[in-house]
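What follows is a pair of complexes built around chain A, which joins chain B in one and chain C in the other.
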Partner chain A sequence: MKTLYAILVLCGAVALLPAFVSSGVVLNLVIMTLYATLLGQAWNILAGFGGQYSFGHAAFFGTGAYASAALQVHFGVNAWLCLPFAIVCGAAVGALVGALSFRYGLRGSYFALVTLAFAEVFRILANSVKFTGGGVGLLVPLKSSALDFQFQGKAGFLYVILALTLAGFLLSWWLKHSRYGAWLTAVRDNEDSAAALGVDAFRVKLQAIVISAGLMAAGGAFYVQYFQYIDPHLAYGPAVSVEALLGPIVGGLGTVFGPLLGAAALKLLGELTRNLMGDAPGVSLMIYGAVLIAMVTFLPRGIGGLFQRLAAKAP
Partner chain B sequence: MLQARHVSISFGGLKAVDDASLAVPAGSITSLIGPNGAGKSTLFGILSGFLEPDAGSVSFLGQEVTGLAPHRICRLGMTRTFQLAQPFAGQTVRENIAVGSHLHRAQRKAALAHAESIALRVGLSGRLDRPARDLTIAGRKRLELARALATEPKLLLLDEVLAGLNPQEVSEMSPVIRSIRDGGVTVLMIEHVMQAVMNLSEHTWVLNNGQLIAEGKPADVTRDPRVIEAYLGRGAAERLRTSGNEAHA
Partner chain C sequence: MLELSILFPSILNGLTTGAVYALIALGLTLIYGVLHIINFAHGALLMIALYGVFFLNAKLGLDPYAALPVMVPGMFALGYALQRFVIGRASHGKDENILLATLGLTLVLENFALYAWRSDTRTIETPYTFSTVDVAGAMISTPKVVAFFGALAATAILLAFIARSDLGRAIRAVARERQGAKLVGIDVEHVFAMSFGIGLACLGAAACFLLPAYYVNPQVGNGFVLIAFTIVVLGGMGSFAGALLGGFIIGVVESVGGLWLGESLGQIGIFVIFIAILLFRPQGIFGART
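Presenting the complex of A and B:
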């Protein structure tokens, strides 16, 4: 219950932000942090709670992005209607990837490699098919109206991404307090034990990847509205997959607030290095890599785990 | 209640279980004994659906269950424990047990409450909020038992829940197992601790080199020359008898 209140208070506070802050730079930073949180939440459901480490969440992100963009560009469908469609498409790809890999019992690095391969295949397909605009990508027609999921200022986008992150928070909270969540973490910790206790591991993992992929696809659809443009590399490239997994690992795997903590810490770090070293290409990636190594070595349970340890030590 | 007919399984060239037939009557504590590597755990794997036999069939409560997935068999009412305790290490004892409780309870609250009552039955009440990884061997064995019990099975397959415990812990566990049976759960247990086998089980099966070589009351079975030879080597029964005669003379 405490966690639930914390989630609601936090989201309420962010919702009030546009009333006091008008700086586009600040609002953009908040939006991008929430956006990274959303991707992290999606990945965290499958990997943090379910123990299935995907290296190819871009497959779901890109599918959501292209599903939304293509419907708008080719058929003139309202962008709001494209959002649920994108989620369904992403979830369907998740079901496909999950059914194939979990049916054949792929775990650990094998599962990671298969997801990576799927994302790459999709990237190559998107590059060569007319429907996705090939390597040129798709430009979403400019409408600048809230009715079309495009907003004049940043505030509108902030509310949308906040709502999506709230959904991610509530999903994570539900995993901590439900039978399904108990089954999923049981499968993560020991699949044989879980099976002996009546848990259908295949089904549980499949459901997890569907939920995770759906949320990730929502992130893709949001991306398209915010930047009004998508191409194969942005959609299916490894950068998105890495962004999705970095936050939860840094913030705390399998926790409700881990993805937010991680996303915020990484955004802060990103801004700092940009201010210190300018926009030199590759620098941010090097920093991210170093942070990841440091985290895994010194804080295997992320920033959240550090807080917990400090709280436990405090009298 | 449980019946295995002519089940066999090989790993490469090794016949781990060879044409074994066994029955477990409802309401009993039946034991399965045999030397190391006899194939006892492998037979458990077949009974509980973790291994598919090359030949033979298993039926439970009159229903054919050969080749059924473990979770399906568990839902029918047969649950196993593992010889090497496999806790959900990062989770608390309460959360571990609740996974079993959830089989018949959708609500989190109800499952956690049920887990507490199960912990009481197996003597884990004091450690409900400890992470499972902090438990001693004896504690892990109790947890293994508790989780399985939480699924409310009709038949419980226990793979060496007493192994690695000191004599005092064994004497603490034995009444727990008996009370489980008295609560209406049939028990089939693999066990090396002979004293516990004698005390607890009404009927015992002996497996050697994958084959069931004897069955009967534990006291009778342990006097069976074939069983003595299986444990002590060829000719052992003969030697024991003659040395016994000499002692009498």
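Presenting the complex of A and C:
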């Protein structure tokens, strides 16, 4: 229960933030950190808890983003109604990818590559089809009212992304404490033994990818509302997939707070390098890559793991 | 429908591209066969090799083909060092870690290129860039013909080396039975690094053959990385003959697919093959199911 209280206190504190801080820069930083946390939470459910490393989570993100944007642009549907629709679409793509790859027993590197290939197929399709606006992308019509999921200030967006992140936290907490979560981690640690004990590994993994993809699609729908624009590269490009996996790896795989720790650390690092080296293209991703190699080499259990180790050493 | 007069040159073009693809895939399949790792950074390293050829030409006026004796040993040394000091240390015995480490390497290389050389697409001019050769009525550009025979020659040298030399024997021994190779006194870590180096040397050669008819920019490796993986899984992970055949198949599919569906949708054919092979026949054409 301690974890649950910590989650609620943390989210409560962030919810009070707009009352004290009016700086758009600070609020934007908090929003982007929570947004990165959400993507990380989505990836962490499948990879951290389920052991299935996806390199193509952009497939779910982009589907959520396009589902929401296309519905608004082509059919004039209210953006709030688009959000659940986007989640369902993303989850459906997750079910498709998962059903195909898990049915044929793809594991490890093969699963990573096949998810990447799916994301690329979606990117090329979005680039060539009229419905998604082709290479030009889709511009969401400007409405500037809370009823249309477009807020005047940053505070509104902060509450929305906070609610989504809270959902991600609760899902992670549930995985730590439920029977289903135990099945999922059993499949991660040893699929054959789990199956021998009667766990339906295929079903468990499929459910995990559906949850993960739905959460990722929510991130995509939020992205569209916040930036009001989406194109094939932003939606399905490798940058989103990398952002989703980097946070949990830096923060600690398969933990409740890992994605948040990682996202915050990376945002901090990003701001730091921007101050030191300016806004030169490529610098931040170059450093992210170096961080990824360093984390895998020296801290495979992430910052969270380091804290735990230090806490265990302290008398 | 498609006229034979369009289809035939398109197939020939596909075969020339396919030979270079095969050379790139050979490097990847060698690394996979020996180390059992998927080198996700293969495309980014090809990009680095292409920039190497480009700058040798731009700064020193070196002809791309004359750059072969520089690029092949250069890429070999880079590969040896990378495996020894970066990738080998990150693995901790888990496949996923290597995949993540090589993904990190890809990010570093691609964005370093973006930072240092900007996103401009660069090409080189050689006296033979626009010349063509008449092959049974189809006009094929000279650099592509050179690339075809050059890639085949490089492949032949590599296969002879693996089959005949002592190091080649050691590499095959490690690929087949790591523990056993260690027991008979083979320095496995050294063989790993040598294999990685040879895999990248293939990229050095491929870059020299590619650039006269191709271009380079920081993202150029992205296109190649999935193509190389497709070829490798199509031919069977670790199979040299499979990589060679797979290279030709993919080269032709891409060329003819582009003719039918247009440049951007034509690529989809490759990814669909990739997904289908991974799903239905992950052992590939020549690979044996383990």
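To be clear about the criterion, the second predicted complex is superposed on the first by the 315 of 315 C-alpha atoms of A that agree within 3 Å, B and C clash if a C-alpha of one lies under 4 Å from a C-alpha of the other, contacts with A are read in each partner's own complex, and residues count from 1 in each chain.
Everything that follows uses one rule, which is that contacts are C-beta pairs under 8 Å (C-beta built on N, C-alpha and C of every residue); 3 or more make two chains touch, one makes a residue touch a chain.
Small disclaimer: the values here were computed from a predicted structure and weren't measured.
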Could you look at A:D200 and tell me whether it touches chain B, chain C, both or neither (first, second, both, neither)? first
Regarding the shared-chain residue A:H177, is it in contact with chain B (first), chain C (second), both, or neither? first
Partner with the higher number of touched chain A residues, chain C or chain B: C
Who does A:T185 touch here: chain B (first), chain C (second), both, or neither? first
Classify the contacts of A:L268 with the two partner chains as first (chain B alone), second (chain C alone), both, or neither. neither
Which of chain B and chain C A:S101 touches, first, second, both or neither: second
Does the superposition put A:L8 against chain B (first), chain C (second), both, or neither? neither
Following superposition on chain A, which residues of chain A contact chain B and also contact chain C? none
Given the complex, residues on chain A that touch chain C span 53, 55, 100-101, 103-104, 106, 108-110, 112-114, 116-118, 120-121, 124-125, 127-128, 238, 242, 245, 249, 280-283, 285-286, 288-293, 296-297, 300
In the complex, chain C residues that touch chain A: 37-38, 86, 89-90, 92, 95-97, 99-101, 103-115, 118-119, 218, 222, 226, 229, 262, 264-265, 267-268, 271-272, 274-275, 278-280, 282
So in the complex, the part of chain A that touches chain B is made up of which residues? 177-179, 182-183, 185-186, 189-190, 192-201
Within their complex, state which residues of chain B touch chain A. 48, 50, 69-71, 74-75, 79-82, 86-91, 95, 98-100, 102-103, 105-108, 111, 147-148, 150-151
